[in-house]
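In the two complexes that follow, chain A is the common piece, with chain B as its partner first and chain C second.
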Partner chain A sequence: MALEEKQLVDKDYKYGFRDQTDSYSFKSRKGIDHDIVEQISQMKNEPQWMREFRHRSLDIFLSKPMPAWAKNEVLEAIDFDDIYYYMRASDREGKTWEDVPEDIKRTFDRLGIPEAERKFLGGVTAQYDSEVVYHSIRKDLEAKGVLFSDMDAGLREHEDIVRKYFATVIPPADNKFSALNSAVWSGGSFIWVPPGVSVDIPLQAYFRINSENMGQFERTLIIAEPGSFVHYIEGCTAPTYSSNSLHSAVVELIAMEGAHIRYTTIQNWYKTVYNLVTKRAMAYKNAHVEWVDGNIGSKLTMKYPSVYLMGEGARGEVLSIAYASEGQHQDAGAKMIHAAPNTTSIITSKSVSKNGGRTSYRGLIKVYEGCDGVKSNVRCDALLMDPQSRSDTYPTMEVDAKDVRIEHEATVSKVGEEQLFYVMSRGLTEVEATTMIVNGFFEPFVKELPMEYAVELNRLIALEMEGSVG
Partner chain B sequence: MADVILEVRDLHVKVGDNEIIRGIDLTIERGTVHALMGPNGSGKSTLSLVLMGHPKYAVTQGDVIFQGRSILELPPNERSLAGMFLAFQYPSSVPGVSVANFMRNTLMARHKGDAPLTPAKFKALLDNAAAKLKIETKVLGRYVNDGFSGGEKKRLEMLQMLVLQPTLAILDETDSGLDIDALRIIAQGIEAQRSPEHSILLITHYQRILNYVKPDKVHVLVKGRIVKEGGPELAQELERTGYDPIIKELAAV
Partner chain C sequence: MERSSLLDRASGPQPSLADAIKALTANEPSWLTDVRLGALKRFEGIATPTERSEGWRRLSLEGIDIAPVAPEPSPFKLTVASVDRARGVIAKTISEALLSHEPLVREALAHGRGGRTVGKYSALAEAAWLGGAFVHVPDGVELSSPIVAEAESGTYPRLIVVVGKNARAAITETHRERGRFTAGISDIVVGENAHLTYAHVQECGPKTVVFSHQHARIAHGAKLVTLNLGAGGALSKSDVEVELLGAGAESDMLGLVFARGTQQFDYHTLQGHRASDTHSDLLFKSALDGHSHSVYTGVIVIEKGAQRSDAYQANRNLLLAEGARADTEPKLEIEADDVRCTHGATVGPIDAEQLFYLGSRGLDDETASRLIVEGFFQDVLDRVGDERVTRPLETKFAPHLERER
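Moving on to the complex of A and B:
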């Protein structure tokens, strides 16, 4: 497989396979135009259709206004000419450990992140050596016929599958940022699960870490054939340092009849990053799609994982948490599009705002005409830690069918003096008590995470409550 | 001379402009059970919350000496670690935190720097306390007071007391709103806590609980002052006469 080959090559050849085009002198520069797009495509040695797709997407990006769905003054302030749209691993490796901010290093210490991972997470190395774990998992997957690689390799190795599904769930014209991603995408994951195959361990981007993994414009495509199951985990709880100011991913999931996809994200970008992500799934007959989405970091996150319920009996779920502290705005939510009868959706959103942080829930429930027997349940709970913090809810419902059951419940609570006093009266300091209350609030999310993520997230919340996290 | 655990000296407490506690003196010795009785609005709950350090109340005069030192400047957690415990009349819920997890955290707060409590030891401690209060194991997995009935909440307060083994336990109307079976279980919990090492301040409106737990001393609180003190017989007298004669007597003075 391509990935193993890449890893072997990487051992003694620093720049990896991509340097087959090294004679082409690519120089990263700021800003975006057709030249940059052309260079990216050539560097990657892509087929003609992808090259054209990128150019077409760029035109859409340049002509499209900012999304009207969520007006945001922070968003309007992005200077698109001041951004690097493509950097090769070799460009990034120039950075040293000294460049990584002190607050991030301190957090690594306190979370107990191993040395090798720290350098990767700090953006110092492009490679994180996890070959041993990685190889055994690869073998297991290969035996089952599961394809799991980075998106660039996916395009090279399985062009037929990629071409069939790529951008069918999220077309470039969907919004300005999906257009941008379509023009300059690099990295991300490609997963194809054969019919009836259940992948019993969560697939983690961690296992195939390379520079593209945490890229700015990654592109992920997961196809679960009928009756299959896969759980994909993206990101990690440790703060992810990036000198890039804009992260704009596109994630497309396709769950065929009776398939089940669970997609877990924990996002802890450094607090200077704009995190503008489009995530959408197609769920066909009796399929089940779950987005488990945690947003801790970034300056501004705008992310509304969606499920298009396309076949009868399909089920979509979003379980999300958001934490916003000083200078942060988490504008997150979900969209459920009921395009078939007897489909079900559940949205559970929990947010915590502290030190003047701001969280918003923005959601859409749409039921098309004739889609009877639809059930939808939306629940948003917000916890405010102090009077400076803010939380808003923007629910939208467009229901054109008659026989539907839709429930929406939203609560905003404050960490009460009584509750805090109660916990403190048992011997816990104010910080310990607050940490316990917030971790309890997030518990419905945390219990859905694999153990190591759950432990790390609890520890991270503790650090946030102490106010010692960068 | 008996070993004094708690000494309340001329305590005055205000909420806003309202003086709720108007000069209380109270001394509790090691290993004794004191009952503090009084009609509604006499300041019983306020006193218990002030002793535990609730931030809402301002002490305007007097002092509280716990095991030889003034605790008025200590936050509630430090009073707890010093050996004080309050069983709340209205305990808060902590959604998402199981009883077992909550108890583990409260014990860990007491073992900082020491060898941590082993899981086996912790489980034995918790199970033992739960058995005394007839609390089913599955309750230990439920979130603290979240969706608990009134009686379950009171039992959980007692569970915490038995696990934490405080030098002084203040029980704020732990007996109120219970049926006779529940009351008996709570009384058994209190008796289990009673020992030469542990003192209890039992705050109650009714004499009923005192049929099961015999106090060494009884104090009667009316309008923020202790107006009468005596032995267990005082509680029985109040049961017969109610608080009215005492209130009238005061008004006549």
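Moving on to the complex of A and C:
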């Protein structure tokens, strides 16, 4: 029975197709060393400072041990010598949709990009493997002076801005995987919003990994100047693979005084992908940063979006959901660093474990000395769907200031029999009832998403829940 | 042969300590020697902690000497009502108990230490204990009054409490050592359907480094209520571990910390649900004055198969002064689905509204905040549910409620 279910899910895996990718125009050899890093930098024709930055980062990566706190035998299983660190699907970026190669277009068709265009969802940066092959910026964005491009183009065209902010939020030495990303990064998004400008349509990028043993190391930098607003959406899907892939992104957000950034991610990597991501935001005076973070796929995700609240009145929010099924471990959470008085933060985490999956919430609330008037509230709820599954909660609160209000609450439970009974008494089957209850459990997250994403997520959950009962 | 080779290796950095431990084994049963030497080996296998070590990085070791000292006897003053003695209650030194009750002592000392966090100093205490006390409440006996065990000197105290089936007992273990270093272990075994209230009171000297490991095993249908009261010591690091081993086992775990000056308290708790239908409820509170620092890390573990378990865990910290700090890390590890588990943690100052309210009744700020702290703690003492145990503690700790100036 269990096997049948697995096959069913595998067969129906929404994005579980795979294109012929023989047309890769450049593919570095497997493994990582200074030659590869040099090659990547040369291919991209980068300025000297970036080249040196990559080499410096590689040294840090090689010298840093795996994080000891994770105690994760899964992590130890990553073979860094068996991964491609850079490849480029076509020689140059397509300027318009017509210029994009046919096989890549087919991939995007299935990801729904033309649809997104039709729906005026904004500029699209579509990342195919390591390099952006296509992106368009809508004219209204250009008129407002908003810069939205892939990171490589950002470096070429706006070197002054990139150089000023790049790696200032997450330095390479932050952790082993941020060092790796800093050494071999490719693609990702670069966004700069001028002062006072409000971008009223969400900006989106689609990412894909599409070659076996292919690593993806995108690098995103978003700078919101004073009083501006931007919402960025990152949706990840990856096709079926037989061996493990590594995805290790670095995302840096900078919200200047009074700026507001919302960053939405839905991660649905295929269940062989390691998703080890560093995401961090700086929020200055009265700035507001929101991470909306959904983790559905991957073999192992380790991701703790952070907000450093650097100026008085800054506000940080993380709303995250995690779903782990057979063979999956979602180790997700959030960090709020209160480095200024009268800053506030809210973390809401919801997780569901099923078929032996494991979800962990790992978080940190840190309040520095003298930061009075800080308020922080953390709420974690976990649902366990069967006796094989596991849920952990590892919150940490470090408080060095007196006049603060720090609260943490967590619950772990199963779907209530009374709830099930009630819903089933209205004529629903057990599967339908369970799906409905789980969807309701995730509702606070789903309602923060644009409609297409909300619909897709509900469908994904329904698909995952099928066969989970009985 | 094995024994001598182990000790040869041990004679590296701490030759005198290893020799001293070897000397302790002279007239002991061989199983006990094995336990000591195994623990010594674990002690030596763990690096000396620094401020960067996991489990230590939130503490300051500035001006704190954590180097171990030589074993010195830890006698307990034992107070047992004569009527209870007459009912067969035993309270004597462990070496005496080894002669009269070896199987029970062995059962308490050589069960293989199910706890998950046996650290360096706990291993040392297991190897180096000297003196100590053994308390046994036979099956079905209900104590007329609580047993009191008090230690005022020694370096590696050890207390064993074995409560038989269907017995009802209460015991208070008090520590007032004033040396530089003490590392103690308390082993608690609660038999089927028994009920034990256990208070651990730490009022050691202001310069003492205090390590304590309390490990309790609770059988089918039994209930253990523990209260930890932390007041003394320069640095106090405690592991409080409860394992619920039989269906229907239950534990309330309570803690109170009064920290002032530059005192550091580090409590680690384990609520280990290893059987179905078990219940645990933990409440640890600390009030922090001066430049004191409290670290709380606690974990609820619900093992596979421990269905229909309920577990609760709360840590509340009251910051009374600008320089006080509180770190809290309440953790859950759940491997069964039919459970109900919640935990919560708070850190904050005295509620300004409460102060205002009491002020409006004519109380000055100092009296008002003292009343609020008393109330904050009284709530925990009430939950112990045995006034014979908590009443003496209320008066004893009144001086600690005075605010620092």
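Rule of thumb we're sticking to: the second predicted complex is superposed on the first by the 370 of 470 C-alpha atoms of A that agree within 3 Å, B and C clash if a C-alpha of one lies under 4 Å from a C-alpha of the other, contacts with A are read in each partner's own complex, and residues count from 1 in each chain.
The working rule: a residue touches a chain if its C-beta (ideal position, glycine included) is under 8 Å from a C-beta of that chain, and two chains touch if they have at least 3 such contacts.
Everything quoted here is computed from the prediction, not taken from an experiment.
Chemist: Please determine, from the superposition on chain A, whether chain B and chain C clash or fit.
Modeler: fit
Chemist: Would you sort A:S425 into first (chain B), second (chain C), both or neither based on which partner it touches?
Modeler: In the superposed model, A:S425 contacts chain B only, not chain C.
Chemist: Identify which of chain B and chain C touches the larger number of residues of chain A.
Modeler: C
Chemist: After superposing on chain A, what angle in degrees do the C-alpha centres of chain B and chain C form at the C-alpha centre of chain A, to the nearest 10?
Modeler: 70
Chemist: Looking at A:E443, would you say it contacts chain B, chain C, both, or neither? Reply first, second, both or neither.
Modeler: It touches chain B, and chain C stays clear.
Chemist: Applying the document's definition of touch, where does A:S198 land relative to chain B and chain C: first, second, both, or neither?
Modeler: Neither chain B nor chain C is touched by A:S198.
Chemist: Please indicate which partner A:R390 is in contact with in the superposed arrangement: first for chain B, second for chain C, both, or neither.
Modeler: After superposing on A, A:R390 lies in contact with chain C but is clear of chain B.
Chemist: Looking at chain B versus chain C in the superposed three-chain picture, what is their shortest Cα distance in Å?
Modeler: Shortest inter-chain C-alpha distance (chain B to chain C): 15 Å.
Chemist: Across the two complexes, what residues of chain A are contacted by chain B and by chain C?
Modeler: Dual-contact residues (chain A): none.
Chemist: Considering the complex alone, what residue numbers of chain A touch chain B?
Modeler: Chain A reaches chain B through residues 416-419, 421-430, 432-433, 436-437, 439-444.
Chemist: Would you pull the chain C residues touching chain A in the complex into a rising list?
Modeler: Residues of chain C touching chain A: 54, 58, 304-305, 307, 317, 319, 321-322, 324-349.
Chemist: In the complex formed with chain C, which residues of chain A make contact?
Modeler: Residue list for chain A touching chain C: 68-69, 382, 384-400, 402-414.
Chemist: If we count contacts the way the header does, which residues on chain B are in touch with chain A in the complex?
Modeler: Against chain A, chain B makes touches at 52-56, 75-77, 79-81, 85-86, 88, 91-97, 102, 105-106, 109-110, 143, 160, 164.
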